[in-house]
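Common to both upcoming complexes is subunit A, partnered first by subunit B, then by subunit C.
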Partner chain A sequence: MAANIQFDQVSYTYQAGSPEAHEALSDVSLTISADSYTAIIGHTGSGKSTLIQHINALLKPTNGTVTVGDFTIDNQTTNKNLRPLRKQVGMVFQFPEKQLFEETVIKDIMFGPKNYGASDEEALQAGLKAMDLVGLPQKYQDTAPLDLSGGQMRRVAIAGVLAMQPEILILDEPTAGLDPRGHDEIMQLVQQLHEQQHMTIVVVTHQMDDVIQAADQVVVMSAGTVQKVGTPAQIFSDKKWVKQMQLTLPTSTAFAAKLKAAGFPLMDVPLGLDQLTMAITQTLRGDSHE
Partner chain B sequence: MANIITVDHLSFEYNEKTPVFKDLSMAVKAGEWLAVIGQNGSGKSTLAKLIDGLLEFDTGTITVGGLILNYENLAAIRDQIGIVFQNPDNQFVGATVEEDVAFGLENRQVPREQMVKLVEKNLKLVNMWNFKDRIPASLSGGQKQRVAIAGILAVEPQIIILDEATSMLDPLGRQDIIQLIRQLKAERNLTVISITHDINEAALADRVLLLNQGEVVEETTPAQIFEETDKLTHYGLDTPFVVQLAQRLRDQNIPIPKQYMDEKELIQWLQTYNSTK
Partner chain C sequence: MNNLILGRYLPGNSFIHQMSPQSKLLLTFYFVAIIFLANNVITYAILSVLIIAAILLSGISVSFFIKGIRPMIWLIIFTVILQILFSAGGKVLWHWGPFTITQLGLVNGGFVFVRFLLIIMISTVLTLTTSPLAIADGVQTILKPLKKVKFPVDTLALMLSIALRFVPTLMDEMTTIMNAQRSRGVDFGSGSLKQRIKTAVPLLIPLFTGAINHAEELSTAMEARGFTDSEHRSKYRVYHWQVKDTLTWVVFLLVGGLIFFVRK
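On to the complex of A and B.
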């Protein structure tokens, strides 16, 4: 049974008690439902990465509680007994391919399961299954990770997380630095894991076009607080507010805004190329109800 | 326009298994903005490193500003070229912003008094003077890239190479750096080579060079290459948003002309068409 993620009045202070103390999260309450696809957006330094690191207790709240299914994490939580939680919550960090270190692809992917007590055979099976999930042909299992392309290396890194069979997958800017093909591949992979494996997905991203394509819930962060939670349409309908949050609009929405400003009547706030094409076509065919 | 960089029949391999260039020839004109595009592994970044003498090539000739790239000319050539790399954290060498910008000048043994002036001038140019005492950890990626650019400008190169310099930045940081480079290029008559797979960044260039597996597939204007959407897709690149939109609208029988229009032109066209229909 998949688990809900619940933040209850969570605050987090880096280097608490020192003159360098810096509050990165402040009174955050938030629900991320099991099986949802949640995008976390916000400008650099808004607290996104701090927030997600609470979900598998890499960081523990200075105040408040985080619950993930049956687990409760608060400032009394110790590093003992966190293994089941960390197995349940898979974390893909930024540029995860930098953490590949084994001499072959399969060894790298098997590292996690083995570390959690799986036998060689169990780890191998989990590893092969994970390779399959990320779409890496088995012929690559004995390849050195560094001989692969950037997009493939990132798949290996994600496979290493998936080999632990998590129910919740957290990805911190999973497409940063990839070329367009690699970007699309990773986005499709995440979508598949969500739809076919019913994983709960939490993605931190700067790519608003990815947000509108994939997410059913968007969390907007600023200065360590949650500013708004809503669907992509709700989040991007207020252009001024988005700018105030130091965020950009999805490409299609931004284009629509400029078109409107130039005096071209448009209905709605189009999210994505399909909606924008439809809105422009409606106006030009004269069936706009302006 | 004269060529400021020429690459002639260049060959280079990292090892026998991975040849990058077999016979590459290309040129960069003085004062132009050249975008080098192509998917990961096409040889874009390797080319930049070869031009700056960071990698040693096997055969062929490279000239920069009239000098042939060899051991004797290496220092003189590097003085002409500044590279902004992808990862802001990998190029911050000073303990503070001010020290970081001074680094290149110290290496060139610029007298202290002059150095202090140059650091101030260039940090002001990139709007980072107020941050001069800050440590790198307290800066955003975009701010670190600004500092890197100030350090490069301080030694007054003629050529700036952006090697995926904006790809790790958030959208606002990205816009900000590109805007800065455009302004600096205009003010200082710089030659800019931007190595990128951001097609919207390539749109700003005077000329685009499309590389695939170490070969020049195409050398043309952005407007020309953006019309060849099949080719862009084939080489793993994106099609600019406005081109995609124009195509979708044509599919809906909106009579948008076939040639490339940038965002402004497309908005203008739609507006005019709507008011005269």
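On to the complex of A and C.
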């Protein structure tokens, strides 16, 4: 059963009631439908990380409700009975390799499933499958995680989340600190999980190029509020507004805009790399045919 | 974590904020020492007035000081109860088995309570008005005489300030790791003692790994910028003894003398 995620007038205040209270989210209403790929963007401190931590009840709203499938989280929610929710919602934090602690790769990956009641054998099977998914060769299963390279450690950490077989996968800047190749591989993995495993994906990212390539829905946040929700095309069509939000345009969109400004006949729509290539080819062909 | 007021610093610009850290540190020790001289109502009253004056001069809302007591409240209550139940002397008010409540016991219990409050208050005044780095600096100044016997005062102060500097960093990291492990199905702080100890492993190992990595990176960064512990180091911020310090010391010394005469 795929689950929708629904934020209904959610506010969250850090250290509520103390003199240092500050509101990190205010009146956020948002729907993330099952099987969608949602990118959350916004500059640092806009409330992205606070927002995603509500989805598996690591944070509970000060006001409003968050609904994930059958679960409702509000300020009355206690820490009891959250396991089924957390099993359903896989969470990959920033620099997830920091959470590794077991002696071997496979043990660390099996940690999650075992916490959720899987037997050793089930956990092992889930672990091996997860290693396969993230592209970690099985020869690494008895290696100590800390002996691996940074990129591989990150795969182990992601595999540790995938082994719990979540329906919703949340990733907070999953490619931060990786080299371009590692970056591409992780983003491809996410895409593949979305397409083949039909996971609902929520990604917090600063890389607009990733957003325009993969996301069906983009959420732009600023100062704790949702500024705009739409398809990448809708979000990036207003260049001025994008700049106002202190965001950048995806490379391909920026390139298209420059082409158009230089007099190249191109519809002013924000384009991913593939669409841009196609549009240019078509325009050039069209011209030559006339 | 957010309730932990001990060791929290609130920036400000009050009389007490402006005093030099070394004098605040020494005053705190001095004050704790004279608390133990106090032994009757008048002496405790004098000390309480002094503390109230200090709290008002710090310009920090009283609620912060009251919060500071909360983590200690059980220790205080326990000590007071022991004091009441086991100190003999004076009129016996209640008696049961080995327990007796006497008039003197009640009075002593009251004194112990006030004593605790005073000590917590003075140290809270110190930590709320003095940044951790300033405290490290104050320690360095106070320990300076030990240099004569080749004690590595500067290195010690550096270690202290680095340790203090990394407390918030490690706290943040702990929160992140706890959240990550919670997402993987760990229930912190529930279940039997054995289960609780088990949940500490996935928290502590990443935390230690992180701390060691930080230490390595920091030492590399320091060495890359030419750090050695042998040279005489100058300071970015120098705390001078000011008129404010002298004034406060005069008041505190007078109070100390007064206590000495009024005590029983």
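What we mean here is this: the second predicted complex is superposed on the first by the 261 of 290 C-alpha atoms of A that agree within 3 Å, B and C clash if a C-alpha of one lies under 4 Å from a C-alpha of the other, contacts with A are read in each partner's own complex, and residues count from 1 in each chain.
Here is the rule we use: a contact is a pair of C-beta atoms (placed from the backbone, for glycine too) under 8 Å apart; a residue touches a chain by one contact, two chains touch by 3 or more.
Please read all numbers here as calculations on a predicted model, not as lab measurements.
Asker: With both complexes overlaid on chain A, does A:208 touch subunit B (first), subunit C (second), both or neither?
Answerer: In the superposed model, A:208 contacts subunit B only, not subunit C.
Asker: Who does A:255 touch here: subunit B (first), subunit C (second), both, or neither?
Answerer: The answer is first: A:255 touches subunit B but not subunit C.
Asker: Once chain A of both complexes is superposed, is A:43 in touch with subunit B (first), subunit C (second), both, or neither?
Answerer: So A:43 only meets subunit B here.
Asker: Once the shared chain is lined up, is A:160 touching subunit B (first), subunit C (second), both, or neither of them?
Answerer: Touch status of A:160: second partner only.
Asker: Have a look at where A:179 lands relative to subunit B and subunit C in the superposition and call it first, second, both or neither.
Answerer: First partner only.
Asker: Enumerate the contact residues on subunit A facing subunit B in the complex.
Answerer: 43-45, 149-151, 176-182, 206-208, 246-248, 251-252, 255, 258-259, 262-265, 273-274, 276-277, 280-281, 283-284, 286
Asker: Show which residues of subunit C lie in contact with subunit A when the two form their complex.
Answerer: Touch list, subunit C to subunit A: 2, 61, 63-64, 173, 176-177, 179-187, 190, 201-202, 205-206, 209-210.
Asker: Applying the document's contact rule, which stretches of subunit A touch subunit C when the two form their complex?
Answerer: Residues in contact with subunit C: 15, 18-19, 53, 56, 58, 79, 83, 86-87, 89-91, 93-94, 96, 98-101, 111-112, 115-116, 146, 160-161, 164.
Asker: For subunit B, which residues are in contact with subunit A within the complex?
Answerer: 39-41, 86, 140-142, 164, 167-168, 170-173, 197, 199, 236-238, 241-242, 244-245, 248-249, 252, 254, 263, 267-268, 270-271, 273-275, 277
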